[in-house]
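The structure's right below; bear with me while I get my questions together.
Chain lettering (A, B, C, D, E, F, G and H) follows the sequence in which the chains are written, and residue indices restart at 1 in each chain.
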Amino acid sequence: MKIKLNGELKILNGSNLLDEVITSYLNGKEARGIAVALNSTIVPKQKWNDTALNENDEVEIVHAVQGG
Amino acid sequence: MKIKLNGELKILNGSNLLDEVITSYLNGKEARGIAVALNSTIVPKQKWNDTALNENDEVEIVHAVQGG
Amino acid sequence: MKIKLNGELKILNGSNLLDEVITSYLNGKEARGIAVALNSTIVPKQKWNDTALNENDEVEIVHAVQGG
Amino acid sequence: MKIKLNGELKILNGSNLLDEVITSYLNGKEARGIAVALNSTIVPKQKWNDTALNENDEVEIVHAVQGG
Amino acid sequence: MRSPAALRMTGIIKMNKLKIADKEFTSRLIVGTSRYPDPKTMLEALDASGTEMITVSIRRLNMHTGNGQESIMEMLSKKDFSILPNTAGCYTAKEAVLTAKLAREALSTNWIKLEVIGDDETLFPDVSELLKASEELLNDGFVVLPYCNDDPVTCKKLADMGCAAVMPLGAPIGSGMGIRNPYNIQIIREIIDIPVIVDAGVGTASDAALAMELGVDGILMNSAIAGAQHPVQMALAMKLAVEAGRLAFESGRIPKKLYANASSPIEGVIGS
Amino acid sequence: MRSPAALRMTGIIKMNKLKIADKEFTSRLIVGTSRYPDPKTMLEALDASGTEMITVSIRRLNMHTGNGQESIMEMLSKKDFSILPNTAGCYTAKEAVLTAKLAREALSTNWIKLEVIGDDETLFPDVSELLKASEELLNDGFVVLPYCNDDPVTCKKLADMGCAAVMPLGAPIGSGMGIRNPYNIQIIREIIDIPVIVDAGVGTASDAALAMELGVDGILMNSAIAGAQHPVQMALAMKLAVEAGRLAFESGRIPKKLYANASSPIEGVIGS
Amino acid sequence: MRSPAALRMTGIIKMNKLKIADKEFTSRLIVGTSRYPDPKTMLEALDASGTEMITVSIRRLNMHTGNGQESIMEMLSKKDFSILPNTAGCYTAKEAVLTAKLAREALSTNWIKLEVIGDDETLFPDVSELLKASEELLNDGFVVLPYCNDDPVTCKKLADMGCAAVMPLGAPIGSGMGIRNPYNIQIIREIIDIPVIVDAGVGTASDAALAMELGVDGILMNSAIAGAQHPVQMALAMKLAVEAGRLAFESGRIPKKLYANASSPIEGVIGS
Amino acid sequence: MRSPAALRMTGIIKMNKLKIADKEFTSRLIVGTSRYPDPKTMLEALDASGTEMITVSIRRLNMHTGNGQESIMEMLSKKDFSILPNTAGCYTAKEAVLTAKLAREALSTNWIKLEVIGDDETLFPDVSELLKASEELLNDGFVVLPYCNDDPVTCKKLADMGCAAVMPLGAPIGSGMGIRNPYNIQIIREIIDIPVIVDAGVGTASDAALAMELGVDGILMNSAIAGAQHPVQMALAMKLAVEAGRLAFESGRIPKKLYANASSPIEGVIGS
């Protein structure tokens, strides 16, 4: 299944659960201070577990950086 | 029949033709350089003759004045 | 003997010693922080005693006041 | 005889009359619109003829140029 | 000596013409017709200003005379100015659009100075309503000259939409404060391809010259002339100032420097 | 439409003349003759500027040609300007007085633009030497127009001494910075009874207009015209700007306000 | 001598606090966290500035390190600033609203500095999109602080809508041009009842002091500090300047006059 | 967070000290003692200003009390300021020299703020008399700080003569007009090697900050503090403003640009 993750194409071979996709992306980093949008809708952290991704979904994983 | 002419109430006792209402309002003054709107729609001069007014119609008769 | 003291005419009936003229002018006030000029020349405090005034001498007794 | 003419040393072999020194300097150019100073004093044109130069005299021959 | 006009004719001095939509103007000054002491002074001031286009307002025809709402067109009868009606007094796109259409009908011109006011203390435009009205009027075939903020983004939108010019304000209408933010005007001039007319704010001749030196294409003014103690004389001052500013802009001014640069020659000083 | 000249002739618009000593000038612009690309451009620029008085410098007659020190009087042969020689390049009263006397002899004029420079980076005047030279030249019958600081006290002294005008600087010579301190110029204009000519600093047309609007009587400039990319055109711009500024000054401008004041009538708006 | 802090404590000098929505701030300076030479300098500068609220941006989490997109929250770990996320980089209401919601989720704050940019050369706001985004976010419970033009009409709309403050620009972001139009800022301050924060444009300390003297409630800056040669020192300069400007505003300055007014006493001069 | 004082102590922020003749000052603000509502307010304001040197005038000792000519030294009894007597009210070199000598005798200091006034409407200096008095006093061993025009040539002469500082005016005394000609002040700062103190003209905090950002070494003020509605608070504002301006000057500000420069990162925006 193909999704777009932070603007880049990603093939999901394993689970299509949002939670697992995020965990895999974070690669061991703690999931603090981040937010996630699925197809331009926020998915709160407590829903990551319930959210299955579909073909062509667009996922954004963001956090706060230095800004003015 | 009651209409509003340039913001003021007017009772039409005679004709309800727009043309005649205008002529009466102009009181002998030539109808040059003026424009007329009926209920916020422009009525070109050539249509004044064909246009009958209805109860509560709002007529605006305007011209150009000094402006900045 | 007439002198001018701070711009005002003064008749000296008694001593014409500068020191005494100053003391009299100060009227009990301590002679600290003041300076004296006789005919546009400074007279240092230690010379007041030695300085006799002459007819029409001009004496200035000044001190520091608020200034910008 | 040595003089200074417009800041430059000049040896006078012939006449020491100011008039002739000027004429020689002008080299055929008409003496209009010029002024002459000898040792920082103006010498009017009518006096050029009467004025003899002395050793080390300083002569300035000036005219008007473009200026702001 | 040759007169300025003569100099221009000989081709020594060329001042570009102003082109808005399909009209060409020699004068870069657009003048309002309001608030003069009397019609005679107005006509003389318009003459003195050298303007070729004047603004008028659209108001209800009021049969009572002497109320300051007489027909301007009658006053102008023998004059040959281009007429630019405005939508002054309109606070919504709807009012402004209707007023523009009435103007077109009354004056047989599809040109409109589009004003949509947002606030009666500042008379600053309402940006959203202005954009809406511009769009509608452009779709309806109008030549739209919008009075707008000195905001590059709004001006860019108006230009992209198809307006014939943008008319950013120099300062509040009638304030006489001059060009309060020359930087914004300069930015607008640089990023927009259509004519930029400074509308409102000019108080005196140097304001007009300065605006023109920023490269704008023209100036629209009213109060600065009509409200001066001597309107006709001020009109002439403005005419000259606009020309002066434009010529200076086209002449390529000397650069600014902190220190001096002698104008007279340094060599040949006596005693040196 | 009547031309500006026509308007003035009809008496509708009157611009006062400038009187310095016993001469009267219609033009309020005095122009320097230095640093133009070439003599032809200079002559055309002088014409375009409308000036009636031009400045020249006094320099050693140098028989080598092509050195920029040619006789200006030959260039001007057929022109009829009043000539105002300057003492540019002088750093002491003594040099300046001698230069003034040479100028009088060479040019048959007792008018002198008195410059006594204090520093070659700023070309600001040396006040003490200037006062000394002024006094000497006045005693010797000169009509003295001193180039001075924008210092009210120095200007007052020069006026009281008998100078024909004071010529405070707007900014350093050739800097093009405009009128850096309009307040001082305004104070000088208010407390002095003789003509005030702003000398030096003007960079572009709006600077000239602004100076005139402060009420000064005239402007002397050189670099702003000669150094522009198009000197002749800039000369015309300056002519117009000086006239515009003077007319505006005499016209009584509208007051400045923070808020707006509608120029179009408020009554009779449709839908109201 | 008593320190400033001591003076304030004794009640001799009181500086009002800044209240935005339900938060109260002693510091009137909001500081951006971007473009410092390194995180250590940033932290020291934030300390030196005395700020209590800092801005951050929301960006895609990028697992490649050393790209300037590291988590700011980790850098700040031990610090206790209020965090004001921004929507920098958004060009539409839609993007800005989504970014605001992501910020709320990531940072557990409903405060948002709302930026909707209209043009990437000027970084001026897009007024229409800004109004739209403000409305949506207000409806969704956000505390909205919009970055906007110095346009009184837009500011009034934003205030009427329920924004917690308006943040008009002083000059383009990062331009360091100062308060280009103090008149508009003054008008905005007078006609709006909510806090006015000048956002963008400040270049140096006097700009900040001048803005505060116009009566605005605070200043948001980033480049002026981060881009200075010595950011920590400049941060302190800005802290002091904001305090100085605010105190001066509250102190009631002397009026401006063209002429002098002796400060020393006139009587009792010797020889008089 | 560390306080400003703490930051300076740690060596992170260093502000250079001001050295005039042989004295070193931490504060760059010299404050006048005249025209406060009452002596108590004066003392509190002096404290709040952080000044280390205050000016006083020399006047005839008048035995009538309550005339504003009381001894300032008694008011100050427990304070430890350096005292800088002035020659305010003197119109000639002779008066000023005598006043300076009286001051030296009365106050046991050879420091003098030399004022020789040329005109009582502007209180501008008389340049010739000022130079004369400076020379005499320097020969007599005084440490001379002359109040002078913002004239680079006069300042250079005063510096070359041996004055300990030059004190050009920013605007007329008591006018509150700020630094009317920052260009001249900047030129003076660049061409003179001794301390430059701006004396007179400052009206509010931003004026003081701006002056310091030009690189001057200090500011002398009186009316701006004493005449404010809240003098003590304004004194603190001025203290902070002078520090802010100096720190900003030493910090190396960002350059000014016409266009924007994003402060937030451009990469990583969502949806991009």
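In the analysis below, a contact is a pair of C-beta atoms (placed from the backbone, for glycine too) under 8 Å apart; a residue touches a chain by one contact, two chains touch by 3 or more.
From a predicted model like this one, the values you see are computed outputs, not experimental measurements.
Shared contact partners of chain C and chain G comprise H. When the C-beta pairs in contact are tallied for E-H and for E-F, the bigger tally goes to E-F.
Chain centres here are Cα averages; for chain E and chain G they lie 35 Å apart. Computed from the mean C-alpha positions, the centre of chain C lies at a distance of 65 Å from the centre of chain D. With centres defined as mean CA coordinates, chain G is found 46 Å away from chain F. Rounded to whole angstrom, the centroid-to-centroid distance between chain A and chain H, based on C-alpha atoms, equals 62 Å. Taken residue by residue, chain E touches two or more other chains at 32, 34-35, 57-60, 62, 68-69, 86, 88, 98, 102, 121-122, 124, 173, 177, 183, 187, 222-223, 226, 258-259, 262-265, 268, 270-272, whereas all remaining positions touch fewer. Multi-chain contact residues of chain D (touching two or more other chains): 7, 37, 40, 60, 62, 65-68.
By the contact rule set out at the top, the touching chain pairs are A-G, A-H, B-E, B-F, C-G, C-H, D-E, D-F, E-F, E-G, E-H, F-G, F-H, G-H. Looking at the complex, you find that chain G touches chain E at residues 118-119, 121-122, 124-128, 131, 149, 151-154, 156-157, 171, 177, 180-181, 183-184, 187, 191. Those residues of chain F that touch chain D in the shared complex are 32-36, 42, 55-63, 68-75, 83, 85-86, 88, 94, 98, 101-107, 173, 222-223, 226.
Across the complex, chain H is touched by residues 6-7, 25-27, 29, 32-37, 40, 42, 44-45, 60-68 of chain C. For chain A in complex with chain H, the touching residues are 7, 37, 40, 60, 62, 65-68.
Across the complex, chain G is touched by residues 183, 186-187, 258-259 of chain F.
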